[in-house]
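Per-chain residue numbering starts at 1, and chain names A, B and C are given in the order in which the chains are listed.
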Amino acid sequence: MNTRRGLVLAVLLVTLAVAGGLASAGDRGVGGSTTAAADKGVTAVNAAAVAPAGERPGGCSVIDRRMDLYAVELPKDPVTNQIRLGYGLTPQTASYPGPLIEMIEGQCLAITLHNQVPQATLEQLRLDPNHPIGVSLHTHGVKYTQMSDGTVHSNSFVPPGGSRTYIWYAQPRNTNTGAQGTAGYWWYHDHVVGGPHGTPGIRSGLFGGLVVRRQGDPRPDRTYVLAFGDRQTINLRRSSEADTCDEQNPVPGPTCVVAKLGEKVEFLVIGIGDDMHTFHVHGHSWADTRTGVIEGTGALANSIPIIDNKTVGPGDTFGARVIAGESVGPGHWMLHCHMQFHSDLGMSTTFHVLDENGAMTAHAGHAPANPVQAAPAGGGQDAPAHGNHG
Amino acid sequence: MNTRRGLVLAVLLVTLAVAGGLASAGDRGVGGSTTAAADKGVTAVNAAAVAPAGERPGGCSVIDRRMDLYAVELPKDPVTNQIRLGYGLTPQTASYPGPLIEMIEGQCLAITLHNQVPQATLEQLRLDPNHPIGVSLHTHGVKYTQMSDGTVHSNSFVPPGGSRTYIWYAQPRNTNTGAQGTAGYWWYHDHVVGGPHGTPGIRSGLFGGLVVRRQGDPRPDRTYVLAFGDRQTINLRRSSEADTCDEQNPVPGPTCVVAKLGEKVEFLVIGIGDDMHTFHVHGHSWADTRTGVIEGTGALANSIPIIDNKTVGPGDTFGARVIAGESVGPGHWMLHCHMQFHSDLGMSTTFHVLDENGAMTAHAGHAPANPVQAAPAGGGQDAPAHGNHG
Amino acid sequence: MNTRRGLVLAVLLVTLAVAGGLASAGDRGVGGSTTAAADKGVTAVNAAAVAPAGERPGGCSVIDRRMDLYAVELPKDPVTNQIRLGYGLTPQTASYPGPLIEMIEGQCLAITLHNQVPQATLEQLRLDPNHPIGVSLHTHGVKYTQMSDGTVHSNSFVPPGGSRTYIWYAQPRNTNTGAQGTAGYWWYHDHVVGGPHGTPGIRSGLFGGLVVRRQGDPRPDRTYVLAFGDRQTINLRRSSEADTCDEQNPVPGPTCVVAKLGEKVEFLVIGIGDDMHTFHVHGHSWADTRTGVIEGTGALANSIPIIDNKTVGPGDTFGARVIAGESVGPGHWMLHCHMQFHSDLGMSTTFHVLDENGAMTAHAGHAPANPVQAAPAGGGQDAPAHGNHG
């Protein structure tokens, strides 16, 4: 069908268009790129052959794309000594957040999840000794049947050493059928590790960003996934752990948010855990729309809010799209939770905007010195919580 | 006036159009329907004659509709032993949440509230022994004068054994006058029981949903009112109490959220109490608009966010409109607060999507087993957080 | 340039158009007006000559307007005995919140901040004895370079006795360049006092409202800045301190929210501190848009939510625009946080709507009696919430 072919072509264009151009070209700032997955297509098809197959949701007549995702155990958190798990396109590249997955409306994606987390680790994370042992993949925004729900009751999870194929359908907007479309900024996460809502799995690192684009959507130069979570963390880190950029040679990643002047940057902001947060970035603002920009003109376009601070609760996601340094110039722009005691405890990082040549300008001073975190093993300083903030 | 007549006609059409078709036909899933109120119109007029009459807000020249509402004491909560109150179209059908009230813009509704809650119960709920004893009806979204505010300072509440008529005007949008309209998803609640903000009244169950529709709005097949509140509750219940659906013979109601494949379902989500929550449903999403759908086309329609998770604070309300099982099929779809410790403590229910014939498909597994709630009498296990703000 | 001249003219029209007409004509309800600043232009230019000059952000080719802002120490809070600081257009008129600053898109504003807060007071507010001593001006929404960021790391703060000029550019929407515009409801605040996020500065009172208008935006008759913050406060006050209106002779201000029937009133709602809140006003509602009203018609205009309750987290700001008493009439309309224990503890004030003659109607009863706050010195009863959910 012509339309379907057009979509697939567009997907290929996406992966080319987003190739970055900083110190580490080709890395879009999040621990991996789905371009890699496309290269691994053949292998993935084989893996799917042995994995229990998910059902296709209505409208997904053909699988357009396949990829593998590995759930593995990572080294413990260097500050809190907590268990860390991660999803990766390969076991070696697993990270928290996991790889950014990009889709385009119309696409049907089969993801084979391989659970390589040791059984003993999963047992240790259980809230209840009768809870089953496994890892899953639950996603927001796109369409999937109960077989790809990633929950215990639907039996759609993966025991240690096993694998399972989940099918996601980025259902397109269709004004004839009333389908509203699935384009948006979403996230995927475990829903099984440790309890029926995957709380210990998410807390350990089993989450990542999903962006579904619509044909014609503006394309970013860089995407950063920023999960605002418990213990005043961004991507599970805080204080000096949250910003590890080397000023001389910044390598974009979950703890190094950097762009050159004029680059189009999108932040995929995710709320995780038990707490409310507000996402704020200095010097930059975005439109409170699906795409983060205002498209169109007229009275209604005129009335769309432009914001620079947004409440994000657990499970909420949105895209904040900015042009790096536009009007305001290069510099070390603070990016933090505006809940004051959260930022004071280190829930803050920096959006480093380099000049056109990729150098940090001298006059902008030094990056903010985040307080060094005094963190007892096994927990860390938690929210003094609305307690005594007199 | 022609326009007014057109509106009244439309209201009658509403009550016909929303008649459901599941096991218990005619019940739209919320403990009662305003259709019943229409039948009781004559009685209501008599009652109003003896009740102190509210003032009509500007624009409400004629009362289009009358109904009675009874505030009664219900059996104590079976788990926590807390006092439970409810509003009902009759004393026998009172429930928490109270009956869904539907209006259409242009309509003027007179509601006579009869306070049948025993004086001793109201005294027991007081936070302050000098606070007056009574029950009231305060609403959101529509227009009312101070006489229908339902507050202590305006003396617009009802002592035990008394009655009072409140007048609500669903002011229409009028681009000439600049009136913005009152169509939306709202709630009504007590504002007097126990304290000047009705906190103990709301906590005991004195709240319900109000939907104001605009002519031309899409009509749902079913409406469920879901109040997200303290102690990790949905409609004041959690864990197994929150989902009491009988799989063989589901009866739609506040603790049984069920629909057939393809039915248009709207969730009226209400935040109550002292806490923040996030509303999430698996497999389904909605537009972040007044109606929950995207109407129109073009660049702006294209930029409206589609979401499947939304922050709701106390007093916030919104409509999440979905097509049951669309693309994703029948199944037991989890519906929960995404604040992880809330869902882990049982703030979770199930959106049961039956097949076209009204049967639960076999392959979808069993409904999620909510943890059985270990609940000490007189309180129950509270949030380890948000501790003792009773 | 013609366009620029048109903008400047429009600014002058703004300041004329918003002159109020209540008991204290000319006061728009917030401790000062930028009209005063315009009168002081010549002085401000001189002051700027001796203050370190900020950089101009891109697009700001000429400074259109200059003003002075003084940071001073005010008398301690009468209830809690906490330190109070304020910004003022003069040292004598400093207040919390500080003066409302209004801009129009296209305008470039230079503000010279004079730090008159005693060094000993700033030392007392430090969270860390190594933190530098100073006061700053950080703003939301508009454009500024690192030199006007108001942060420690950019060295853009003011030591005691010093002054510094900050430059803000209300970048206009430009559909050619893709600039999205800066029109909106924002706030400005200290970012340095006591710690790297200015938490003790904000908590003491160093914040104020900023409104950026777009040409053609609807103009209000009155603007009230309402900061919802910690300890269940509105503008740092609660209970009887939050509503000090004299019914016979109301003087609009941060603790007296009053208007005549039919006046266009905008509430600039700001979230500050460590906690979530929900803003609710009785009898009135607004559109959830940039301007608080719906402009335009058609299916999309039709789908914009009208709300009367909105979640506001720290750093969030929005404009709630209402017509005083429209349809509902004069009266004492409650305005409160709908988080129940917040309102019960006194996070509530009154929107006093007078009749056309500026008198309070008799039938509306008395203003709500806020509970008298039993407040121990140095703290007050804090939220017992958000305890131990680690």
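By definition in this document, contacts are C-beta pairs under 8 Å (C-beta built on N, C-alpha and C of every residue); 3 or more make two chains touch, one makes a residue touch a chain.
Note that this is a predicted model, so its numbers are computed, not measured.
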| item | value |
| --- | --- |
| Size of the rotation, in steps of 5 degrees, that lays the CA trace of subunit A over subunit B | 120 |
| Fraction-based call for subunit C against subunit A, same above half, different below | different |
| Chain centre separation (subunit A, subunit C; CA means) in Å | 34 |
| Residues of subunit B whose C-beta touches two or more other chains | 276, 287, 293-294, 298, 300, 304, 311, 341, 385 |
| Complex contact set, residues of subunit B against subunit A | 276-278, 280, 282-283, 285-287, 293-294, 297-300, 302-311, 323, 326-329, 331-334, 336, 338-344, 348, 363-369, 371, 385 |
| In the complex with subunit A, residue positions of subunit C that touch it | 55, 57-59, 82, 127-128, 138, 140-141, 143-147, 149, 151-155, 169, 171, 173, 175, 178-184, 186, 195-197, 199, 202-203, 214, 216, 230, 271-276, 287, 289-291, 293-296, 298, 300-301, 304, 311-318, 378-379, 382-383, 385-390 |
